[in-house]
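Labels for the chains are A, B, C and D, by order of writing; each one numbers its residues from 1.
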């Protein structure tokens, strides 16, 4: 190899190293780390969270910061990979000296970061992590979302008690903990309430063809079909299900909440029910305000992950305010006790156990719009 | 001379360890850095062990993460559920992965090149789907609550152990037989080399070390998720990239590449969305300029380095 | 629905899914046939094709056929450029080096697409209405029919090009012996470029069809189907045009059969297990010829 | 000198699809003979070698070597019984050094275990030294001692042929099969080769069977010849009688005109 080529390569490498050195931090700010998935196959969710979190932090700083101190956000990408998330966490803790970690977005990443935060004694709050096991890792671990078991139970109760459904089928993503967790909770509660799960089918993350599973389900002709997954997969499933002749009542989860659902489902989502945090039509000013501003800023309406990301910032802000400092012990205490936060996904009360206590709504898609059907106040967790 | 150079190498390795320990105590190296160094060591084990299969024996496996998965989950199950000592768990993880390697080596007897590659890929995915469906190890929720037993020292020691064992293997009659199978199976057979045996042997040994790397990995991350980028084909391809970048058939190349490619994504992390654009461009540039890998199948050696330092012109083709 | 009717219905579903694999596999197999490269970026060209089609329909307001043609042309251009920039410098290098470059190209296309088109899932504009065609007790949707028809049509066209045209003859010559082809006055570079153009255009057509069929596109849509299609191409015997279609259809049907008679959670594992078993009995794929090594 | 045949080939048939490459061939070799297998192109000579060394399946017939049945044995086992060969299209391990090429061939005689090699036991070191010494000895035999550290593929053609012979010798063979050893050599090199083969037979007391088109070499070197044509053995005998055999002449002339 010629020396010129070697030199070019060397210069390229040096450039990368030089660019990668982080900028200098100011002293009078509160440093917060955000770990999210900006690249990789779950980037769409991670970018929603990133957008909402930066918007939330900008809001706080514009309003004068917290107790006079501005928030500075360090955003690190985890590629949706647990190993990378762990690296990012260590970097935030050791090199960036952040006061608190927001994120990561998906449960596998959260599960890799949580033991590190716990061992380091640094509070962390995942706005979106739903896996039941997350908060049991330690007392420094908090979340802003529902537990899978809570949401799955709510939908099962609603289906059995309010809709009077006796038979349900489930189609879920066997490779996704969110989907599996919701399916487990739904199944348990539904059977407890005397219902019967007559068929179950599964698929894997990244699949686009569900016709085999749906044809099998169609043969059993279930009264209702529970589809615990994000809008990106639920949409195509809804469309394919209807085209294959399934006319069951479709039951969904908060992951369905996206402006794109209707287009992805080809309009076949009509009549479906979901559990959600808030109802865009009737809920608070904060919610309306958030949706309007997010839409304006990013050119698309927020999905559920964006709303949760924004609320993560609100929870963090009230905890920082309540703690009065960035002392981890005080912050941890505050994160477990702050309450009455008027957030985009409704009123949030935190709990020392780590999962917020918030109400849920059941929405029904009627004429292409989400319509409030029921409001369920939290009955414990 | 030989003894002397081994001694010097030993001293350098020991010194390197002591320097890391010292710098860590002084606070120059943060836990963040030490964690990256541990990951480097784990990746070195993975790449060097794949080198035995792909580089030295000339097979084409892209299912290495499957062996890692077996080692990672088996050892975690042992330490979490049975509270087994870590060293025992590592060995069990390695042995189980080795048995799986034996099973995968068998198709290798009939399949060649790209067909073998696809079979190994399929094998890796089968392992992943099985783990995904096994509730005892957490299924899709992942395996959490694994104790943090992997220290830098242990990972470092295991990496050295792996490198020494595999280097000794490939420079013995066994390794020469593997090389012969890679170079020309028919000639090897006619010289009395049982090519079947050596293919399976390479798969078994490579898988064993990948299994130990898996054990280190699960007790490093404290959590295993059955995702493609953790134990699936994305991970297998990551290992393959490191191997080819370092150069097939070069152990030192594998080491250099494993370390470089573990650190580069870390350096690029701040670039957010641009990171995954810069990384593949670097990869393509390196491959275009160094198609045979960074070290082009040669080994870095002490004498080579001293010669280089002395400015000897011998540097280049043979070191 | 009776059991045997469902089996028939699943067969139709399987053939439709298999057609998707076959469409992508055709491009893989063409490129492989010529330069023995597993073009890992092929799945991502397919993704780009879907996006080109998306923008041709939504932004340029083209109707379906011109949109497909535009997208095929765009993808062909990307394919040719890719070969020029990333693969050609490595033509005489070890195959594995080119493979790694192809993986790099795949990553690059994915992340560039994510940056340019956005990471979110986009609903594909529905250029044709949904329709169910009843065939006695079973039915087929017009999209399934379309996918199946196009896969077979493209295979036939490709077969004709490869076997009955001058270009095809040159391609076969290059695939057998590059040096000899060169001596015969064949412009090898041009033939390889043409192959990449054709393979990429095929992928783009597949991308649009699949986008329409499943109603969803995203920057990573090429990854899993790309992998499965590659497996299908190998199953059929890589480098053999009808092999790609046979392999694709078989994969599709096998996956559906597994779901029908067994557990859908193990679908991918069983599909891969079938692959391995088939390869053990036919080490060069279903339609592959046995390579006799000369001693 | 023992008189019982060492190698016995009885009714050997090798069939590829519908093509009978070797048909009903019978011959035997006495120990320490220098024998030649000749015949026009495509007569099936290399196929006989491949059948003898297990590289192609025998359709019917038997091969025995020192009264051991070798029919359809795995090639590496045949090597163990003491049959070594070279190839028409030189099959050296081109990317390895000459020394390594030779050391690989000592494989069957290696005694140390996997653990010995991994932990570099004293036994390992002792034996490796022996192997290297033995390889250098074999190289010296073919006059290439100074090329030990060269990459095999970089040597000139004639030297590669000699390395291949030396490599075969590392097996301590009783029977050495040489497939066109003089192909591509100039007359001087061919002369040296002739002397080398003779020396090998005399010094190592081995049997040599060679395929060769260079009739001068064959007639000067071989003590016994077997002539193949279209898979059939058409003549056997000493060089003189073969030269005067009408069928052989006809086969060769026919071969030339075809």
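Throughout what follows, contacts are C-beta pairs under 8 Å (C-beta built on N, C-alpha and C of every residue); 3 or more make two chains touch, one makes a residue touch a chain.
Keep in mind it's a predicted model, so treat the numbers as computed, not measured.
Ranking every chain by how far its Cα centroid lies from the centroid of chain C, the top place goes to D. In this view the innermost chain, defined by its CA centroid being closest to the centroid of all protein CA atoms, is B.
Separating the centre of chain A from that of chain D, both taken as means of CA atoms, is a distance of 72 Å. Remark: chain B and chain C have CA centroids separated by 32 Å (rounded to whole angstrom). In whole angstrom, the spacing between the mean C-alpha positions of chain A and chain B is 35.
Residue positions of chain C touching 2 or more other chains: 111, 114, 265, 268, 295. The residues of chain D that reach two or more other chains are 55, 87, listed in rising order.
Residue numbers of chain A whose C-beta contacts span two or more other chains: 39-40, 43, 174, 204. Those residues of chain D whose C-beta lies close enough to touch chain B in the complex are 53-55, 74-76, 79-80, 84-85, 87, 91-96, 100, 103-108, 110, 112, 114, 117-120, 124, 128, 131, 167-168, 170-171.
Taken together, the chain C residues at the contact with chain B in this complex read 32, 38, 86, 89-90, 93-94, 96-101, 103-108, 110-112, 114-115, 227, 230-231, 234, 238, 265-266, 268-269, 272-273, 275-276, 279-280, 283-285, 293, 295. Of all the residues in chain C, the ones that touch chain A in their complex are 1, 6, 9-10, 13-14, 16-17, 20, 111, 114, 118-123, 126, 130, 132, 139, 141, 210, 214-216, 218-221, 223-225, 255-256, 259-260, 264-265, 267-268. Taken together, the chain B residues at the contact with chain D in this complex read 165, 168-169, 172-177, 179-180, 183-184, 186-195, 297.
For chain B in complex with chain C, the touching residues are 107, 110-112, 114-115, 117-119, 121-123, 125-126, 129-130, 132-133, 186, 233, 237, 240-241, 244-245, 248, 273-274, 276-277, 279-281, 283-284, 287-288, 291-293.
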